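Structures are listed in the sections that come next.
Shared chain: chain A. Partners: chain B in the first complex, chain C in the second.
For the complex of A and B:
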């Protein structure tokens, strides 16, 4: 028995599911891609971060990269406030500085999701 | 080694506190998102604008498919606007200096000329409009005595992120005390030095502007007069193949535009006759040996919009045919035409904007600069 203290059982089970699928002899690339899509898009956001850490810790490059991509896709149109809240970041920018940045790079704020979620 | 904590940190906090992990994720975000996320914290700002991250990000995203659609910077007299034909966002864009002229756009970087006052000294910069970073080019004008000043015939930017994250600036200049020799000097952003690439004897009597970097060379194409081509490998000047555009007939307005998009080099020839309006898009063959007719567009469906001045704003070539389009500009509007289905769509309506002037174009010839949003460092 090999203890893995940094990963909880549920996440490990998911990782094993992923690895099983990807090492199947008769699974085509297309089947794997389809599996990945359903597998990753079915995960709750919180679980994605667990999976990223697990994949990184276990050095499973393919899974790590795909989970990161999924996290990035979910973040793409989010607001700055959402990022701070999700990642527990405190900003040291003064409100003047923030206003200045937003003024200079105004185009980057177009099309941002509202903070409804 | 870890201090005792009452509750272990959540995964997202671990990632947030670990730059290596965080970078793996933000590397996958598009430039627009990252430019916005600089506001998250000073730490994120420093990560995002670090030159090494910018290079890595550019290299990764430039190879990805589908490639992002370009945005435009549009110049209206002394003001600039950011415009994205896809999202239709249109808003003011300010350069650091109010007296800025864009000389050229290459894969997301701009070559600009800037002055502190309307008639002040000209300085040249390579600028990334996405990150707003700029680097001043130190050009040696060769002595303080005016008559000995070497004339600069042309300045051109060569940047291809698929080949290198670094750019070159090519300077074509006269040799002091001689009117018939020219010298080619190249500045490289990795070495940050100028190097003489070649010196040749050929008369360059014309000031070269609107050069386009393509296929390892700089092209200055003038459809109705002498064109020039500079080979960047050996610094030789030559003549690219001429274009056979149809003869202009009486009563016909013919305008030609030389434009590059996504590795394709075009001459767009627009013909406006009272009874017939059309656009031919010629493309230069990949080996530069000749031109072929790529698209033929019937403009009669929008003839009603074309009773006043008309211009071509730009051509956008996507990876797939259905992503390719050409943009027309008529007073107060920009109209997009998709080649694959022949459709026309008004993508920008300025008739209520304060820059709108009836019967006049808001943006003149070559006032539209296509650029890819990128984090490429300067």
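For the complex of A and C:
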């Protein structure tokens, strides 16, 4: 028995589902891609977080890359405030740093979605 | 037995468990989770660095062209750790061929190819706008980079260059430099608002750029630091004939840029071979400028000049007596 103290049961079950599909002898690349899309579709931020940590810890390259790509895709066209709110991040920039970032903000604000989901 | 399909990887889980647990405890830091696993709450601030890096690398790779490239800029504004990773992941225009942060306009262009931009002129407001092209179509769609407003004075003319298209005053924090011409429009000096080496400092210390306030450009007083000299020879054959233009950049050897020939509609600047010996950089075009419409001009540039320098050099051609009309 291999202890996995950092992965909860639900996440491990998801990981095993993924691995079972990807180790099927007769599963084509196209079938695996379709499975990945459905598997990750609609996963909440918290679930993605756990899946990414588990894949990283277990060194499952394919799952790790897919989950990271899904997280990256989810941030598309979202504002800085949305990212902070969704990922529960507090900005700790000093007021001087904020001045510099504001200049860059102008380049990031063009055509961004509203903060509402 | 579950077929993990990890092959040699599965050994790592057993052998490194104790080390991994310790390391992950450190990474989790102030991570706290609700008992309810479906709550979705997690502390992304404590994300292991390799995971954060992978996500941000994917953002950077996915969004290589504007306007989508703005997502890369947004990620660098979330918090300190995201900013540090993003600044590490994003390469300079010289290497990547991409414009990302505003500092990109002061960094040398790509080595491998010309970066395509275009300039639009507004005659009524004497303002010029620089855009980086979004597609191969000439001057069709672009991401705004810089604006320049012409200010005629008694003995000279200034073009104030700014990151902002509307607020372009010298006192504004979007002011980045200017082009000054003599009365006749034959000699020009390009001035940078910041000392020339400040760009290099930001380059070298990119990974720590955010941390110390001493490294923030806002602390450096805006001034006028000459970075390039441009001159046009008079053409004895006629005011509208092509003229020789000389361009000397302070940070580049004087012999590195060949004198160009500026006609009414276009000019090219070409790299000179080092020591007179032909090499891979021989006769490589580093700046080309051409009229494509009534008030529209293409501007393509590459290493070793930056978008700011290229823009200023192109502005000088508007001011000469045989400006592109």
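Note that in this section the second predicted complex is superposed on the first by the 99 of 117 C-alpha atoms of A that agree within 3 Å, B and C clash if a C-alpha of one lies under 4 Å from a C-alpha of the other, contacts with A are read in each partner's own complex, and residues count from 1 in each chain.
As a working rule, a contact is a pair of C-beta atoms (placed from the backbone, for glycine too) under 8 Å apart; a residue touches a chain by one contact, two chains touch by 3 or more.
This structure is a prediction, so every number in the text was calculated from the model and none was measured.
Asks: Go through the superposed model and pick first if A:46 touches only chain B, second if only chain C, both, or neither.
Replies: both
Asks: In the overlaid three-chain picture, which partner chain does A:10 touch, first (chain B) or second (chain C), both, or neither?
Replies: Only chain C; A:10 stays clear of chain B.
Asks: Output check: A:56 vs chain B and chain C. Expected answer is one of first, second, both, neither. What do you get?
Replies: In the superposed model, A:56 contacts both chain B and chain C.
Asks: By the touch definition at the top of the document, which applies to A:19: first (chain B), second (chain C), both, or neither?
Replies: So A:19 only meets chain C here.
Asks: Tell me which partner touches more residues of chain A in the superposed arrangement, chain B or chain C.
Replies: Looking at chain A, the partner in contact with more of its residues is C.
Asks: Could you list which residues of chain A make contact with chain B in one structure and with chain C in the other?
Replies: Common interface on chain A, chain B vs chain C: 46, 49-50, 52-53, 56, 64-65, 68-69, 71-72, 75-77, 80, 83-84, 87-93, 101, 104-112.
Asks: Any idea which chain A residues touch chain C in the complex?
Replies: Within the complex, chain A touches chain C at residues 2-6, 8, 10, 16, 19-20, 22-23, 44-47, 49-50, 52-53, 56-60, 64-65, 68-69, 71-73, 75-80, 83-84, 87-94, 96-97, 99-101, 103-112.
Asks: Under the stated contact criterion, what part of chain A meets chain B in this complex?
Replies: 46, 49-50, 52-53, 56, 64-65, 68-69, 71-72, 75-77, 80, 83-84, 86-93, 98, 101-102, 104-112
Asks: Quick one: in the complex, what on chain B touches chain A?
Replies: 10-16, 21, 24-26, 28-30, 32-33, 35-42, 44, 71, 82, 84, 87, 89, 91-94, 132
Asks: Which residues, counting only chain C, touch chain A once they are in their complex?
Replies: For this pair, the touching residues of chain C are 2-6, 9, 12-14, 17, 20-21, 24, 37-45, 47-48, 50-51, 54-56, 58-59, 62-63, 67-68, 70-71, 73-80, 82-83, 101-102, 163-164, 173-174, 210, 213, 216-219.
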